[in-house]
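For reference, the structure discussed in these notes is given below.
Note that the chains take the letters A, B, C, D and E in the order they are written out, and that residue 1 is the start of every chain.
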C-alpha cells in the first residue's frame, strides 16, 4: 500500500467541484436527434394504403385498418401502429412506397392502460403530428426497387416496315427480375376490373413456376395473352411502386407467362366441379366477354355455343387490334384452348331476330356480347365522298384479308385507340399519316404508350382540330377542312369540351379521310320485344349485379354494358355473367358467393 | 306576326313546344328500333316539360327566365342536317333534336330582332336562351357520347 | 434540575438527535452524489424515506426475535446517545454522564449489533447471517484499536467518565486529545471508518455481494426503527468522538460543526475507495491501527 | 450427482441472482459456501431465452436485423454487422458494398466498442462498490450514445448496418461533435485512472484475483480481453481482418497477469485505442454512396449456401454461422457468442476458491452478457 | 378509478388447476386493505399525506429482467440521476416499492418476478417498460416469453418505447408519482381483489409451479 496509491484516489473529490453530468432540465427532457426514430407520423393524403409497412414489420405491429375518409383510388386502409409490438426499426418508413410514413423525434408516451398504445398515424390526432424532425426516407437507401426492367422493343424505324410485333417480350431472367420488384400490396387486384390475382401470379413467376402462374392467371382471365399485350392496365396505374418509381410491368409479366407455352391445353388445368352438365348456353358475339363466359362455363361442364359473325373469335381484339400488337397466332392459341374445353364455335354466322328467339327457347340462358360495332358518322358535308372511310371498317377489312388502298396521305379523325390503330396500320400500308383530334393530347382516350409509339413511328398529331367538311380536290384527292378549337371547362372534374373558333379554316389535301370518332351499338338483329326491354336510348344494355338484363335469361356484357371499351372490363363482365348464369340455372346457390376460385369478383 | 303582349308571346311559345312534342311523338311511332322509340318518347316528354314551365311563367308562378350564361358548343352549326328516317340511328336522333332546338332558338332570336318593344324583346331573348339551353343539352350528349373518340 | 424534567429533556434530545442524524445522512447523500457527478436527492430525502417506510404495510412473518432486533438496534443507539453529553452547559443536551460511562458506552456500541445478530438470524434469509458474521468479524477487528484509544483516554484522565475527559480538554484547541495523543486519535478515527460502514469497510450490507446484509428481510415499521436507530447511533458515535477527541462542545453550533467534520471524515475516505474483502478489512484493522492504539496507550503510560 | 458435489451441497447454499445487483444481468449462480469462500458454483441461464435463432428462421432477411441487435443488449452493432456480412457474402452483394458504407460500418463498430468498454470499465470498480467512477463512465458513455442517436436514430438499438452497407450517411458536422465528446472523455479519464488503477484498495482486490490459466485458452476456446490479458495478441481485427481494419493503424493491446486488474487495464487501453481508430476513420473516409442498390426486400431470396463470419466484439470473438436455402428466409443461424464460453463454462470453472466478494468483479471482468448466452 | 374493470382483461385461462391458496383469501396476516371502507374525511387527508410520502420516496427493485435494464444504468447514474426525485435502487424485494419490468419476460423470469412482487410490501407498483410488456413486442411469437404482462401482474403504468429512453423513464416515473399522489395507482389492490384470477393465469404459463401460494 504505497502512498501514491493511497492518496491518488482522493483526486476524485475534484469532480465534486466541477459541473455535474446531470442534464439541467428537471425532467431530463431533450429533443430527439434530427433523425431520431420516435412515434410514427403519416401523411394520409399521400398514403395509398398499400400495406407494405405492415408487410415488412416483423412484429406485426402494423395493421391496415379502414378509415372514414379515404382518398379515392387507394385501398381505403391506413396503417395502425401498435406500440405494444413496435421495435422502432423504421423499416416501415424506409420501405414505404409512397414515402408518406415517417417518424417524429418525439419519444415520450406514458399510459396506465395497455390498450392505449394503438393509433392510426395521421388520423388520430397526436401532438407530434406536425413534427419536422425525425426519421424519414432518404435517397440512397431503398428497400424496394424503383426501376423497371426495360422492355426490349423494335426500333421505330424498323417497325413501320414490317408487321412484326413491336414489343419483344421479357426473357425468363428479365421476367423474374421484374417480378421480384412486387411488394404484393394487392392494390392492383382491386383496380383490375377482373380482379385478377396479380400478386399471386407474379410471385409464381418470381419463383420460376410459370405453369402455376399461368393457371393463376387463368383463374379469372380466359384471354390472358391478349391482355398481356394490349390491356389498358389500370393495375399499373395504382401500383404502389409507381408512386416514387416506375410501376411494376404487370402487363408484360402476364405476357411473358402466356408466351412461354405454345399449347395451353397441356398446361392449364382448371380445378372446378363440372356442375353444369346438361345445361345449354348460347353466346352471341365472340368478343372477350363472350369468350370468357364460354370458357368458364365450358370447364364447368356446360354445353356452350358461340355465334360469331366474323370468321374468327376475338371480337374487337380480333378485328380492331392490329397484328403488330396482337399477332394472330396468339389469338388462335387461346381459341384452341376454348375448343379443347368443349366450346362449340360457329363463326361467320350472324344471328338474326328469329334465330335469337329460337336460341332463347333452346337454351337455358343466352349471353349477348356483341359490342359496339357501328361507327358513328362524321356528319359533316362531304362525308359520303369516296375516300372517306371508317376506321372500324378499314381495320376489319384489313384483318379479314381484304386489300386496302390508303393512298399516299391519310388524315385520321379521332383520338382513341381505334384512331391510333388505324393510323399505325395506314402507316404500315405505306401512307403518311396525320391525326386530327378535337381536344388536347392529354385528353386523348388512347393509351399514352400508344400515342408515344405512334409519334415515334412518325405519325403527326394535330390537336384541337374540329373537322368542318370534306371537299373534292384535284386529282381525286380530298380537301379536309378543319377549324381550330378552344377548350372550355364547363364542370369541374369533366374533361373540357372543344369549342369551334369561327372564321378560321385550315385545309389539308389528303387521299383518304379515316373517321374514328366513336362507335355505337347496332341492334338491328335483336328482336324488338327483347330490345324494348333491355336496351336504352344509346343502345346500351343495363344489367343487374349478376350480369342479367331485364329480360329473363338474357345476360350481357362487354362494351355494350360498361362503356369503358376495354377488353379487361369486358372480361370482368363475362366473369360476372358466369356467376350469374350459374345462379340462374340453379347450379349455384343464389344467395351465396361462389368463393374465390376460379371466378373471383368483388362486388 | 304581331305580338301585343307578353302573354301573346308565351302563348306562341307554348304552341311551339306543343308542336315539337307532337312531332317527336309522331316520330316515335315511325322509327324501327324500339330503343329509339323510347328515345323519342322521352324527347316528347321533355317538350311537355318545357311547355309546363312556360305555362307556369305565364301564370306568374315562376319569376321568369333566368339569365344564366349557356355555353354554345356550335356543334349544330357545321354538322349536316338530318332527315328523319325509320332506320335512323342514335347519332342522327341527337343531331336531329339538336338542329330542331337550334331552329327554335334562331326563330326567337329573329323575332326578338324584329320587335321594337324593349320589354317584349327581353321576353324573346329569354325564350331564345331557353332553347339554347335545350340545345346545349343535346350538344353535350353528342360531344360526350357520340364523339367519344374524338 | 429535577430528574423528571431532565428525562423529558433527554427524550426531546433523542428526537432531535434522530432528526440530526437524518439531516446529516441527507447532506452526505447529496455530497456523495456530487462527487459522482450527480445532483443528488434533496437534503430532507431521509425524512421522506422514513415516513414512507412507516406508512408501509409489512408482509413478513418471522419469530419474535426478528421483531426485537430493531428494538435492540434503536435501543443501542438511544442508550449510547443518552450517555454522552452533547453540549456542555446546556442541561437538555448534557444527558446522563456518570463515572464509568465510558465502559457502558463501549458496550452500547456493541449492543445494537448483537441484537441485530440475534434478530437477523431469525429472518431465515441466508444473506442475514452472512452479513452478521461479516459485521461481527469486522467489529471485533475495529474494536481493538477503538478500545485501545479509549483506554488511552481513560488512562490519561484516570477516569472512566466522559465528562471528565471533556473537562480535561478545556482551554483551547491545544488541549484536545487529538493533539495531545495523536496516536490514539489515529487509531480511534481509523476504527471510526469501520464503525460507520463507509467504503472500504462497508462489507456488511454490500449490495454487490449479499444484498443488503442483515436487514434484508426488514421493512415497514421495523425498517423505520432501524433507520432511526442507525441515525441516532451515528449521532451518538460522532458526539462521543467529539467529546473524546475534540474537546466537546459549548454551543449547539460548535457541536454541529465538530460532529459534521467527524462524520465527514468517513465520507471523505468512503467516497473514493472500493470495498475491502472481509479478511482484508480484518487484517487492516489488526495491522497498523492497532499498533497506533497500543502506541497511544504507551504514550500515556510513558508520560 | 457425484459424491463430491453432494458433499458440497451440505454446505451453505447461496443463490446469486437472478435478482441480484452483483450479477451482470438476468442470470443466476448457485453457489456453495465455506466461510467466505465459494467451493462450487453452477450457473443457471434461461431467464432471458427468447429463441432468436428460431425466430429468425421465420423472418425475411431484412426482418432479422431488428432481432439480432437484441442478442447483446449493450453492444448490438457487432451482431448487426455479422448478420449483414454473412448475408452479403452468401448473396454476392459483398462486392457491391460501397467503400463509404464499409467505413461507416467500421466506425459504428468502433463506437460500439468504445461505449461498451466505458461501461464495463466502470463496472469493474462498481462491482467493488465504488460509486463515483461508474457514474462518470456511464455518463461519458452517454456522450457516445448521443452520437449514436444522431447517426442511427436510436440510442441503444441502432439497427443501422444492413446488407449492402448502412442505412444512412453521416450527418453534417458529425466528426466535429464526436471530437468534442472525445475531448470530454479524455479530460475525465485521468481521474478514472486515479480511482481505479491507482487505488490501493482496487489493486488489493484485483491483482492476482481471478487468474485464468493459460492452458485453458485453447481448451475452452477463450478469446478477447481475457486472452489478451495473458499476453497473447489474439484479436479477430488483426487475425482475420474484416471491413476497413486492414487499412487502420493499430496494435493489439496486451498485458500480462491474466487477473481482474489486467483485464481492466486492457479495457482502459482499448478505450484509448477506439478513440484513436475513430479519428483515423474520420480522416480516411472517402465520399460516395453508403449503401449498394438493394433489391426488393420483401421478396429477396438468397441462393443456398453457408458461411461462418467472425468479428471482434468487446467480449471476444463473435461469430455467425449462417445457412440459406434459396428461400427468402434464413435456414439456420448459429451465434457463437463469447459470453457463452466465458459466462458459463469458464465462470463455473473459476468459482471454486473464489471469495464471495470477488464473484461480482469476476463476472464483470469476464464481461458476462446474459442475453448473448441465451439468444 | 382504482382498478381496471375485470372485463377488459382477456380471459386467458380455463378453470384453476386445483392448487388452492393455502390460506383462505381475506384471512391472511395483512389483508386489512381488501376490506375496503368508505374513507372518512379525516382518513382521506391522512391518505393524502401518506401518498405524498410514498410518491416522493420510490424505491425501485434492482432487477433488470430484460433488455430494458440497459437504460436503467444511465437513469440511475450521473446523466439522468433519478435520485433527484427521491428514487433509489433497492437490492431486496422486501424494501422495494416499485418493480420495473424492463422489457420482455421469459417464463422462467416471470416466476421469479412473481415471487419478488409478492415479497414486496404494499403499497407497491409495477412499471411496464417498453413494447414487450404491453403486447409482446419483438417477442410476440417467441415460445418462451409472455406477451401481455397485465395478465400476470397488475401494471400501474406503461412506458412505450423499445427501449424507452431515460428521459421517457423519468416522465413515466413522474406520471407514476402523480398517480400515487392522486391515489390512482392501485394495482396492488387490484392484485389482491383478483388474486385467484392472477394466480390462474400465472399457473397457466408456469408449468413447474413449486412456490407456495401466498395468500395476499
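The definition used in the following text is that a residue touches a chain if its C-beta (ideal position, glycine included) is under 8 Å from a C-beta of that chain, and two chains touch if they have at least 3 such contacts.
Note that the coordinates shown come from a computational prediction; the quantities given were computed from them, not determined experimentally.
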| item | value |
| --- | --- |
| Co-neighbours of chain E and chain B - touch as defined | A |
| Number of steps on the shortest touching-chain route linking chain B and chain C | 2 |
| Centroid comparison with chain E (C-alpha atoms), farthest chain | B |
| Chain separated most widely from chain A, comparing mean CA positions | C |
| Distance between chain centroids, defined by C-alpha means - chain A, chain D (Å) | 54 |
| Geometric centre distance via CA averages, chain D-chain C, whole Å | 44 |
| Chain B and chain D, separation of their C-alpha mean positions in angstrom | 90 |
| Distance between the centres, which are taken as Cα means, of chain E and chain C, whole angstrom | 37 |
| Numbers and ranges of chain E residues touching at least 2 other chains | 62, 77-79, 81, 84, 91, 138, 162, 165 |
| Residue numbers of chain B (touch at least two other chains) | none |
| Where chain A touches two or more other chains, by residue | 9, 12, 15, 20-22, 58-59, 87-88 |
| Pairwise chain contacts, counting only pairs that touch as defined | A-B, A-C, A-D, A-E, C-D, C-E, D-E |
| Contact set on chain E toward chain A in their complex | 4, 8, 78-81, 84, 128, 131, 133-138, 140, 148-150, 155-162, 164-168, 170-172, 174-175, 179, 184-185 |
| Interfacial residue positions of chain D with respect to chain E in the complex | 18-21, 25-26, 46-51, 54-55, 58, 66-67, 70, 73-74, 119, 134-136, 138-139, 141-142, 145, 155-157, 371 |
| Contact set on chain C toward chain E in their complex | 29, 33, 36-42, 45, 48-49, 51-52, 55-61, 207, 211-212, 215-220, 223 |
| Chain E - residues contacting chain D, complex | 61-67, 69-71, 73-74, 77-79, 89, 91, 93, 104, 106, 108-109, 112, 116, 138-139, 141-145, 162-163, 165 |
| Chain E-touching residues of chain A, taken from the complex the two chains share | 20-23, 26-30, 58-61, 82-88, 107-115, 117 |
